[in-house]
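Down below are the structures I want you to see.
You will see subunit A twice below: alongside subunit B first, and alongside subunit C after that.
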Partner chain A sequence: MRRVHFGKGKKNYMEIKIKRKTLANIPAHMVLILWSLVSIFPLVWMFMASLKEQNEVFSNLSLIPQAWKFMNYVTAWNVGNFGIYFFNSVFYTAVTLGLALLLSSMAAYAFARFRFLGRNFFYFLFIGSLMIPIPGAFIPLYVLLIKLGLADTRLGLILPYTNASLALAIFILKTFFENIPKDIEEAAIIDGCGKFDMYWRIFLPLAKPAIATVSIFTVLNVWNEFLLALIVINNRNLMPIQRGIMVFQGEHLTDYPLLMAGLTIATVPLLVVYFFLSKYILKGITAGAVKG
Partner chain B sequence: MKGLYSLWKQSKRNWGVYFFILPALIVFVVFGLYPFIETFKISFYEWDGIATDAKFVGLANYIDIFIKNRVWWSSVWHAVFIAIFALTIQNAVALFLAVLVYRDIRAKKFYRMVFYIPPVLSLIVVGLIWRFIYNNEYGILNYWLNLLGLHNLTRPWLADPKTALTCIAIVQSWQGLGNAFLLFYAGLQVIPEELFEAAHVDGANAWRRFIHITIPSLIPVSTLVAILTLLGTMQTFPLVIAMTNGGPGFHTEVPVTRIYKMAFESYHFGYATAEAVILGIMLLILSLVQLRVSKQLDYR
Partner chain C sequence: MARVVLKNVWKRFPDKPGKPKEAVKNINLSCEDKEFIVLVGPSGCGKSTTLRLIAGLEEATEGEIFIEDKMVNDVPPKDRDIAMVFQNYALYPHMNVYENMAFGLKMKKLPREEIKQRVLEAADILGITEILDKKPRVLSGGQRQRVALGRAIVRKPKVFLFDEPLSNLDAKLRVQMRAEISKLHTRLQATMIYVTHDQIEAMTMGDRIVVMKDGLIQQIADPITLYDQPSNKFVASFIGSPSMNFMDGTLVKKKDAVYFSEENFTVKVHDDHAAALEEYASRDLTMGIRPEDIFDKVYASNASPDNTITATVEVVEPMGAEALLYLTTGKSPFIARVASYEQLEVNQDIDLVFDMSKAHFFDKATEQTII
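Our next item is the complex of A and B:
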């Protein structure tokens, strides 16, 4: 993919060089393709097993199903409750994302663009929670949710999820807001723009790439969360999909095709989101890696 | 003093700013900071989580953990094993793959995309798929070993105390590798091209360039990878729940499964939080040590 133009002789030389490079890269490609296969094999196995007949699991251990039983998905969706779990997860993820984006972008805007008393203190309070490991805070959190009457309710899951998403989101958005040139603000002030207008009409629309980065990390974290879902939710009709999977697995130990169909249902939306937003993951990670 | 006064004046003029941070702050204080502080407090009590009065026992929970609780310390050791497995094998392979993809090679985007698929998946999904793969009778691993004629290698991988923990470590690393890969890759991308060109002009070959430019430039990102790997592996939970639930016996118990079970199966909330505090302090110390070491390496 070289777009530089050389003289005729030079061009030939470049072509030879590129060809030689391609040849030299063959061992590298072999290694990389091997790891690609290792990376996706479990997903292939999951999908193929989800299309097998129940008794095929015990007789046909090869990768390819004989039955290609797509009905398994209908059964898992209706009988296995995966339909309910799926929509619960969509709901939790969407509401958490909306709340987290609103709260974190407002805070990040203030941290990035204003000087005020306690700014550094509050900012490091948030960022500190990113760095200090708190492996057992879920226990007092559970006690608190009971006291507030939020245990086994949707809000009881959404609020802790929102909290868990805030710190990283504030960090990413603050960094982004800081790099927006001062002139924009000054022009807006001359036009008589208030603080909230400035945030809502100017800064938020500019932050689209940062919002995309925050969104993908938030969606992945919330969709995949298990521990809080395990503690907070006991009502089946409120369970998110990761929790529902474990309930199904506990009750149908050897019902592998339906379980695998359920796992596929839990995975496909993530892969779709990932497919569309994957470049923002690299962006986010690069920003994080450079900052250290 | 003057700076503080002008800051105060500015804050007064800008008092509306606090409305921007207030909503986030309230959610954080209630659902993040308060439980964090409470963790320490509860750890000094004997409490079943239900009764209205908890009994203050001072350091008794801590003393019991340090002196008597073998299961806890073996669960810590299991997590350390998984961490070491990931820190060495997983991160070495991740670095190797990152260097391969970083070179002038086709299909960069494709590899980057595919290698990050495992970290995108939920640990529950990953754990259950691999549990099925490792299954003694219906799993594809034993099936393939039989096809290859390696009958004596087949075993109930997750039910055998000798292999269960290693199997979990492998899956944890299989998943974590994509993350480490992408971080290393990002670290490679920010090395200035001129460094390599200058070294090339000075006659340094590819290997020397790798040792003297690539490796030192990667020290900050390696620290980040190491700390994230450590925090991730030492606090692993859903994967173990999905694959073995701590069994066979206590052979794959990890700290967070212990903390969870101590609180929500045995109803010793105080004891469980004491375990959590000990784990948290260990992780904090390990992270700080790593930061220290990398700073010293960096300045050399």
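Our next item is the complex of A and C:
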């Protein structure tokens, strides 16, 4: 960096340094702004389209609707049975999340802190399952669900969703548990903690960032899941929201404003969850050893 | 009575196949009721492993461990009636100070009122009442260490175990906390077993000190005995700061006197020691003499040709009230502690008097103390 001597009429070298740094940042900021616009635009288009008339969606190229049809949301909720679909999605997501967190945290604790025969084998079996594309397992899964009498039932979705969530959850939580210092565990042993108390009172409370990360991934995956719900569920009263939106897609005609309204309703809860849990994702990713 | 006894205790860890690592070898140790005993030694000597064996965090491969005359080899840590203070404090990050201190009592299912009373009592002793609602992450190192102490105190254990609790503190705080722990020992009248690698901590705090090396106990004695009568060269070098100077040479008998002869100097062995060393005449020995037992000839009252040598100053370290001189005889480097008013320069030759009544002699092969 070129240094300029202080003096009357000469520029301060700090001013030059700051100006050069600012100028260098402009292209980076332009790229980031462009990328943000590209990412946000579909959501904005979706929301704006939900407020238009059917014939306006593709004919009116402006984002701004001519008539602002907020009634589309009421119609989508009542006529489209969105209340039931919404409840089902919340139910499937909440139950899957609860089961996944309970099972994966216990498994991760065992993998992280216990020595037992086959520990590495079972752990890598879970991790290996991450490499299998889930739709690839749908056919045998569907056959299994039929044979177990679970097709077109709530359990028929909850069990596969939970199973699919376990591998990543165990991976994230195991890594987090391994980073908890051994002497905290030893202090708890001396204080009288058995294995379950250790898990429940010490490890689990310390794993909040990891649990938040696992929660967000699980909620996103279960809430957005469509293919398995399409295959397994035919009963409208059991359909989650992504499956239920299909009612607006007719054989000859798709009611786009109602469809967009339904999609917006489906998106809002995720945005809320992400808004509250996003800081934990960062903490979970960067969390190192916990020092007391 | 909270007496801790270790009988023929071994601890082996799996290392290479067929060759386990012996961290602790045949330890026999008896810590009396209310005694403050310090395990000291370099890293890897087995002192922490010994402490963990007493705590129950490690299982002894061989031998027996007794607490209060009851064998505890198969007793889990929570039932041994011990409390431990860790080097890294090991406070629970998600609990505040009160909860950290109360946790062990809660696990024992003590009544809430009793827990509260014990916690407040301990907090008062340690001066941490005002931080009971704080989480560990906002506390300073000294505060965290007090909380760790408090967590141990509330358990009212028979034995306190300390695993290098002051290692992570700065020098000034370490001095302060040393005194606090000593005061605590006097106040609580409890048996305390303290592990440290710092020989100053050991000397200032312990009723008795156990010096360890490579899994073996080198010597067990009170601080003064350890300082004046080390049993071998390792103990002599470990205790004392700066450590004892060692010079290799030969014992020479001349007429009725015995001399220690190094390549560049010869000094007469003190009359009290001559008889014991006569049998080592003409043999190679190591002489040990502490820096504080070496004096500038100008200021020494008992200088004579038999106890005076000439050495060259290599480094002068002023310490305030005194100075440390790093010297060499040409063959043997050594350190002398002199008064700071002595104005000395590097590469200056100086005459020094050895207080031979304080000299020690070690067998060169076995490194055991002869005198």
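The rule is short, and it goes like this: the second predicted complex is superposed on the first by the 246 of 292 C-alpha atoms of A that agree within 3 Å, B and C clash if a C-alpha of one lies under 4 Å from a C-alpha of the other, contacts with A are read in each partner's own complex, and residues count from 1 in each chain.
Just so it is clear, contacts are C-beta pairs under 8 Å (C-beta built on N, C-alpha and C of every residue); 3 or more make two chains touch, one makes a residue touch a chain.
Bear in mind the structure is a predicted one, so any value in this text is a computation, not a measurement.
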>> Should subunit B and subunit C be called a clash or a fit once both complexes are overlaid on subunit A?
In response: fit
> Looking at subunit A, does subunit C or subunit B touch more of its residues?
Replying inline: B
> Taking the superposition as given, does A:V79 touch the first partner, subunit B, the second, subunit C, both, or neither?
Replying inline: neither
> What is the angle, as a multiple of 10 degrees, that the CA centres of subunit B and subunit C span when seen from the CA centre of subunit A?
Replying inline: 100
>> Output check: A:P181 vs subunit B and subunit C. Expected answer is one of first, second, both, neither. What do you get?
In response: second
> Of the partners subunit B and subunit C, which touch A:W45 in the superposed model: first, second, both, neither?
Replying inline: first
>> Touch test for A:G192: subunit B only (first), subunit C only (second), both, or neither?
In response: second
> Taking the superposed arrangement, what is the smallest distance in Å from a C-alpha atom of subunit B to one of subunit C?
Replying inline: 8
> Is there a shared patch on subunit A that both subunit B and subunit C touch, and which residues make it up?
Replying inline: 290, 292
> So in the complex, which bits of subunit B are touching subunit A?
Replying inline: 7-8, 10-11, 14, 16-18, 20-21, 23-25, 27-28, 30-36, 38-39, 42, 49, 93, 97, 100-101, 103-107, 110-118, 120-126, 128-130, 132-133, 137-138, 140, 143, 174, 178, 182-183, 185-187, 189-190, 220-221, 223-224, 231, 235, 237-238, 241-242, 255-256, 259-260, 263-264, 269, 272-273, 275-277, 279-280, 283-284, 287
>> Quick check: in the complex, which residue numbers of subunit A touch subunit B?
In response: 21-22, 25, 28-29, 31-32, 35-36, 38-40, 42-43, 45-46, 49, 57-58, 61-63, 102-104, 106-107, 109-111, 114-117, 122, 125-126, 129, 131-144, 159-160, 162-164, 166-167, 170, 195, 199, 220, 223-224, 226-227, 230-231, 242, 245-246, 249, 256, 259-260, 263, 266-267, 270-271, 274, 278, 281-282, 285-286, 288-290, 292
> Which subunit C residues qualify as touching subunit A in the complex?
Replying inline: 55-57, 76-78, 82-84, 86-94, 103-104, 107-108, 136, 144, 151
> Where on subunit A is subunit C touching in the complex?
Replying inline: 181, 183-184, 186-193, 197, 201-202, 205-206, 208, 290-292
